[in-house]
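Working notes for the structure below.
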Amino acid sequence: MNPIYLEASVVVFGLVLLMAEAFLPRVDKRTFGWLGVAGLLLVLVLSFFVTAPTEAAPWQRFYAFDSAAMFYKRFALVTTILVLVMAVEYVPTLQKYLASATPGAGVGEFLCLPIFACAGLMWMASAIDFAMIFVSLELVTISFYILVTYTRRNPNSLEAGVKYLILGALSTGFLVYGITWVYGLTGHTSLAKIGPALLALQGQDTAIFFSFALILVGLGFKVAAVPFQLWVPDVYQGAPTPVTAFLSVGSKAAGFIVLLRVLDVFLGVPAIVGKIGLTLVVGAAATLIYGNFAAMPQVNFKRLLAYSSIAHAGYLLVAITSVLPHPGSTNPPVPFGETIAFYLAGYLLMTLLSFIIVIVVANQSPGDDIAHFNGLSRRSPFLAFALLIAMASLAGVPFTVGFFGKFFVFASALAGGQWLLIGIGALSVACGFYYYLKVVRAMYFQPVAAGADAAIELGGPTKAIIALLAGLILFLGIFPAPALDLYHASVKPAVALAK
Amino acid sequence: MPLTLHDYLLVSGLLFAVGFTGVLVRRNILVIYMCLEIMLNAANLALVAFSRFRPAADGMPDYHGQVLVFFIITVAAAEVAVGLAIIVALYRARNTTQINEINRLQY
Amino acid sequence: MTITLFWFFSFLMLAFAIVVVVQRNPVSSAMALVVSFIALAALFVSLDAFFIGVIQVLVYAGAVMVLFLFIIMLLDIKAEQRRVISPAALAGGLIVIFGFVGTFTQMLAGFAPAGATAPTLPHVIEDVKRVGILLFTEYNLPLQIVGTLLLVSTIGVIVLSKRELK
Amino acid sequence: MKNIFLYLLILIPLAGAVAAMLGNSARRISLLAAGANLALAVLLLAGFNSPSDDPFRYRAAIAVLPALDLKLLVGVDGLGMMMVLLATIVTVCAVQLSPEVKDREGAFFACLLFISAGCIGAFVSLDLFFFYAFHELALIPTFLLIGIWGHGERLAAAWKITIYLALGSFILLLGLVALYLAIPAEHRTFDLTKLYALQAQLAQNSGASLVPVEKQGWIFLTLLSGFGILISLFPFHTWAPQGYAAAPTPASMLHAGVLKKFGLFGLLRVAYPLLPEGAQACSKVLLVLLVGNILYVGLVTIAQKKLDLLLGYSSVMHMGYIFLGLASLNIIGQSGAALLLFAHGLSVAALFAVMGILRDRLDTTRLEDFGGLARTMPLLSLFFGMALFASIGLPGFANFAAETMIFFGAFGADSLSVKSVFDFTPLQWTVLAGLWGVVISAVYMLRAYRRIFFGPLPDTLKSPPDLTAAQRWPFLVLIAGLLVVGFYPRLLVDVIKPGLQPTQPATPARVGVAQR
Amino acid sequence: MLAWLILFAPLTATALILLVTKSSRQLSAFLSVGAVGASFLASVVVFFGPDFTTQFNWLEFGQRLIIPIGLTIDKLSRTMLLVVTGVGLLVHVYSLGYMHEDRSESRYFAGLSLFMFSMLGIVLANNFVMMFIFWELVGASSWLLIGHWYEKASAADAAKKAFLVNRLGDFGFMLGILVVWSLFGTVVFAELKPAVERISNDATFAVILPAAVLLLFMGAVGKSAQMPLHVWLPDAMEGPTPVSALIHAATMVAAGVYLMVRIDFLVIAAPTAQTVIAWVGMITAVMAALMATQQNDIKRILAYSTLSQLGYMIGAIGFAASGAAMFHLFTHACFKALLFLGAGSVIHGMHHEQDIWQMGGLKNKMPITFLTFAIGTAALVGFPYLSSGFYSKDSILIAAGAKSWIFLVMGLFTAALTAFYMTRLFIVAFLNKPRSENAKHAGESPMVMWVPLAILAVPSILAMPFLLGRSSTLTEVLGLAHDHSKDAWNVPLLAMFMFVWGVGLAFIIYRNRDRDPLRFPLLAHKFYFDEIYAGLIAITHDLLAKLSGFFDKYILDGLLVRGATTLAFGTGFVLRFFQVGNAQAYAIFFGLGVIVLLYLAVRP
């Protein structure tokens, strides 16, 4: 099967679901959620059977189907599947905040929009042309504008939406201007052609870096790197929780794959490598510091996870810096694609696990502050233990996937001789232990708040998924090889390409 | 002295700066949104200029740039639609479009 | 002649863009923006991009700005009573803007192709056709994506702006 | 993978932990698991003496990440075997001496067993990565144990110990990775046995070192800081006393007795064999710090007014002696250090156990509240006395044998022809400080014993009952272990020596050595 | 094998008592007595047997370091064995009576057996480390026994003090062992001797060897309670009196002397050290005797007298007369044990009254005690020709004279003082009128107590002259074959003069007195040693400890560790103020970031 059909089937499936939802008003809306899960699962399965097309087609200028692209496509699918599960779990809260006259109205769209966003994410994973990057990224961004604002009777959600809208549009402006300048410099928008064209330019490194910087602004916003991270805490806190989860995992991962592809091009220009290196190092350092330190005083769990998301962006940036050539080391630059992919895979598991639990707990508690997790170990030992695993993994305790992620990141940073980042990283890890364990403290040390001590009910499928995620965190924490193999699994050609 | 690419780029840059200024200093979200559109249009101007001043092999303007402009305009239109919908929802809920008045979420 | 027109429309565009920024009343801002965009369309035309110029007028000056005006009217937003611009924002904004303009002009000064003059065109302009062909052949995939995007934004606008969901 | 015994050693406590969490009679289950583990360890020790060329027995491996040659490689040499024995003994005693747990009993014992499994895993791992990873397994359980079931300032202590140790182990991780990266690319592996073999081979062929000499210094320093924080090396020690004071008794026993030894074990296993030149280069720094441990912390200990803090500080102080043995850089001192790991582990576990029982019975740890308890608690006072004398290095207990080896090793480490006392090498001056530390430790320990058990019984103490029958045998086990090894240290020394020997520099000859 | 039996019989008793018979006091007591009895019998057998050494390697590191546990039977140890087990056996038997009413009798006998084990280990040790091992164990068992009545604060404190002061000495001892090992590569006495001889003329070692000897001597100073580490011994009298007799008179305190005799080849090779040792010994002798003259507690008087006599012995080491030292050690062990047991009998009879001014007239109430005590006193003061003390003290004085006149003067002065204070004690306690109710109703102790007294009295008064005459082995062992003709001084005559002078003066002063007519606060307060030490410790160690504690709590932990966390927390607190909530502010920060990036672009 041609890989391009993956996105197409996702979009078609989304449309079908949307129609079905519109024309079958009596069916419980949650059914569509589970249908969505099933459909995406099917696509996920299909993704293992795609083969490279036998002949060149015009879309191949925009669309890559290398192993990285396939990995991030599957990543997007898994993320969306889990987000849909969360969304189904979130339906009670959703209805509370929807301006719906009839129960269930608006729920169907909420369950369908992530599917379209998923298609956007998958396209981003494949995008190798700035035109494609721009449109797929905008598809994702606009979907998120809608999703973040979705619970518009919730003032926080609205506020988050407005902030995301303004800052997102601003970053789009810079991205577009950057793309314009790259086009102006090289006459191309295709990454494959930009690289050689940039090399051919003589004495234009100011303009090249200028345009790179503008694009970096746009992508830095996506991955939440300092100083373009300020939207993150507010938006994460305000958005409906499944959307927050989607943002923090899907959007960030897609941002990273695009960033990697773009960086790959610009790092080919020797004249600006030094400046790119400086930018990345300073950016990574600032992101680590900001994310980790500012997370410590937080009291809202979602906001805490927002800062944590910034912090993890910092770690990922650290991994990227390892590719920079550096004097005084005999080690060759470390390819970072694998590290980042693995890190993000781990990040997916632990972040989504946390968010699922947040949804479940917040549904049956007054809110989603850390204080509302007080005594969770009594209300639901299972959830508390699962969240404990998630927190341990986020903090980077061995035998969880988070540890391997950090291990790879810092191993590559060491190989790259990034001492400043390593030093800051050490402090960051210590801070991380503090704020992640703050949640553990709430769950295990604090007594249950009076009046909120009811045992937490948990549906079977959700429970199974929570157990699955926790189990995966532990499994990949001991045997990371499967995740890495997945990253390296490339698309087999249907017939040997005669090229 | 004939017109050069420089002139167009300068104007585009200034337009971008004006739009950016509006985003940074205005409080009314609608006006901010207008200014964002100005920024996108500055990019369009530069794109078109680039495509004109850098002819393709056949000596005609490089229409790839104009296709990109087309995409930008389309996307911007969609963005405006969604953005205005959000602003309307905001106004209904909070009765304001002043950006400094929406700061429930902070720190 | 062309030069004079260029500078005229550039000035017009920039001046009205500035009006957008400084005008208290959003309606006035919107009207100024329309003027600015029309001037921009003129600049497009000066670059022999007639199709883009037309689109600019139709989509921006026409559709988008009308949408803006509708919304402003719908919400009945008055001119801002107090200061339009807060001093802190102004200070920060000006620093940023001067920084931007400074770096931008400096970059532009060193930008080698900037001195290029517009080459004369060997053929008749047929940009609608050329753009159209490109869009529907080579750029088909992005176009499809834009289509999806429009679908999503349609859904979004409906969901977000209906008073009551049914 | 025919040798599953060492995996079993790790899995039994883990399985026990899961069973304890799910089952009803957590205490019995965990005692069973700990006991089974001890029995297994003893069996392995018994089978250890069969002659073999391989210093590492019971080897097995499970591939984890072939790209990096990362595998769950386990195996024990004498040192590892001894540490496993220590861990299993202390675990059994800790479980048995656990006070009654009313709240979430299952989780309590599960945490204990997790710590135990982590320690054992670290001791049997021959892969740098898992060696590190297993140790960290104890981090979260420690946090929970102190936070949920702790005493006094439990929250502050839980934070402090966890963050401090997390930071320390992160630095350690950096050091380990740096070590890995400093190895020439064609030799890179996490497999310690391969690294040892390479090191030996290189030394034989060209006298070269596996890790470039110019890099060894700072890698060693990084490892020393990382391990140092875990061991509570001065000045990174302040987490230990407060943490131990706040932790529930069995947690203190396991942590101070076993887990903390991981750092020293790591220095012996990784840093000294693989970075001999680095160790030499950093020896002055280490000497200064360990004198800090012995003298400064010793004095701080004297100033303590609460038993829990006093014991905590004293355990910090004794780490200085182990460091002294390591710093001697020779087989005598390092064997002594290794033996002291064992001895201190048992004695400090017994001391903390007594402290815990006193705290449970009397609700206080302030020294001035105690008095005359030898009358009402004769058995407890006997055991405390023996553990105390062991810890201050009284002959007959293993600690003395170990300290003697350390002193001899350190004092005779350098090629020596002392003409006057002023010709002492820095290492010898350190020995002097160490000997003075022996006096200091006697001062505070006897002072504490005098306060608690001697003198008249104050009216405020309602004559507390002595040890129950169930509480007796763990003490007997601990004390007996100390005595047996103390009487004939070669029982263990001869087992651990072969593992240490190949990494030592040749010993220089000295003047005036008697002909034999 | 027999040697091992000697060593391990008492340990077995300890272990059995602790593990099995703790609850049965009687059984414990007999186990302990039986063990020491066995040791004694074995010692007797060994005494008449050949020299031998038996050992196994306790620790072994190639040729580099071998620490054996080895038992040496030679001239020195076999005599010492006899003394230790003999006196020990008697004290054990005596304790059966003395401790009969104590409910912790089992613990007492366990401690006593442990002590015997330790002491015998010292005697049998063939190397430094083994000696150090038992050296420390002696200290520990002494702590146990002094603190036997732990509920009494003074006893508990005394036990602690004894152990700590000993530890102080051991600090030097261990260091000395290390230096010796690093010089000679061995710790075994027999191997050291030839090595020392090989280097005795080597100037390279002129500084370090005396230093090493003095460090080793520090151990002896601690254990044998020499100046300035003597302070623990008088306080140790808080222990039960048999303990005082055995440990703090006959055996343990003699261990220091024994050690120095063991290593006399080292001492001789280091003349500087020798002189220092002589001075320490003689100063201790004089000062302790002076202190004894003003004490009122019967046991304390004996304790100071012990100090003084130990000073003699240490002095003798310094005079290169280790034979004389050993001789005095043997005689002193007998008569001092006798005196202490006698004192114990008195105390027992007086219902635990120890102040001699509360006694008086005990001559008639406790005739056997009186008689044996008189014999002991005679031996201690060196009753000319009749007492063993006379001969042994003489041999030391002769050696002192050979070394320097000043030592002779000090020795003689001490002798006079000894005569004086012992006479004072004897007169006040036994002769004058009873001065208290207790004294009036005092009665003789049971047989189990006075039989050991009687047995000990025999060697005190008779055995030495007899042995001297008959046993050539002893003179040979102790190197007492002395040619009197070469003496510059007629020491026996001078000693006799001193004896008469001292006894006479005391008789005159204390005859029929109810109160002490002499007041020397300096002496009564023991030269204020305790006070000075307390002050010294307070301004050094304690202050340092307090300072360190403060530093640790407020600087290291408070300022640095907590400061760092506060800083981190503060940073986070400040950083989140970027998050003001206003999207416009975000846009401005965003813009600033852009500008920084763009500036980087145009920066050359």
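As written, the chain order gives the labels A, B, C, D and E, with residue 1 at the start of each chain.
The rule is simple: contacts are C-beta pairs under 8 Å (C-beta built on N, C-alpha and C of every residue); 3 or more make two chains touch, one makes a residue touch a chain.
Keep in mind that what you see is a predicted model, and the values were worked out from it rather than measured.
Minimum number of contact steps separating subunit A from subunit E: 1. Path length between subunit A and subunit D in the touching-chain graph (shortest route): 1. Counting C-beta pairs in contact across A-B and across C-E gives the higher total for A-B.
Here D is the chain whose Cα centre lies closest to the centre of all protein Cα atoms. For subunit B, the chain whose average C-alpha position is most distant is E.
The chain with its CA mean position farthest from that of subunit D is C.
Between the Cα centres of subunit B and subunit C there is a gap of 5 Å. With centres defined as mean CA coordinates, subunit D is found 70 Å away from subunit C. The centroid of the Cα atoms in subunit B and the matching centroid in subunit E are 96 Å apart. Centroids built from CA atoms put subunit C at 31 Å from subunit A.
Touching of two or more other chains is recorded for residues 9, 16, 19-20, 23-25, 27, 32-33, 49, 54, 64, 67, 71, 75, 78-79, 82, 86-87, 89, 99-100, 102-107 of subunit B. The set of subunit A residues that touch two or more partner chains comprises 131, 134-135, 138, 142, 145-146, 149, 152, 162-163, 166, 170, 184, 206-207, 210, 233-234, 427, 430. Residues of subunit D found to touch two or more other chains are 163. Of all possible chain pairs, the ones that touch are A-B, A-C, A-D, A-E, B-C, B-E, C-E, D-E. Residues 2-3, 6, 10, 13-14, 17-18, 20-21, 26, 29-30, 33, 36-37, 40, 43-44, 47-49, 51-52, 55-56, 59-60, 63-64, 67-68, 71-72, 74-75, 77, 80, 84-86, 89-90, 92-94, 96-97, 100-101, 104-105, 108, 111, 113-119, 121-123, 127, 130-131, 134-135, 139, 142, 146, 149-150, 153-154, 156-157, 160-161, 163 of subunit C are the ones that touch subunit B when the two sit in their complex.
If you check the complex, the residues on subunit A that touch subunit D are 331, 377, 388, 392, 395, 397-399, 403, 407, 410-411, 414-415, 422, 425-427, 429-430, 433-434, 437, 440-441, 444-445, 478-481, 484. Interface residues of subunit E facing subunit B in the complex, by the touch rule stated above, are 576-577, 579-584, 587-588, 591.
By the touch rule above, subunit E contacts subunit A in their complex via residues 568-569, 571-573, 575-576, 578-579, 581, 583, 585-587, 589-590, 592-594, 596-598, 600-602.
On the side of subunit A, the complex with subunit B involves touching residues 130-131, 134-135, 138, 142, 145-146, 149, 152-153, 155-156, 158-163, 165-166, 169-170, 172-173, 176-177, 179-181, 183-184, 187-189, 233-234, 237-238.
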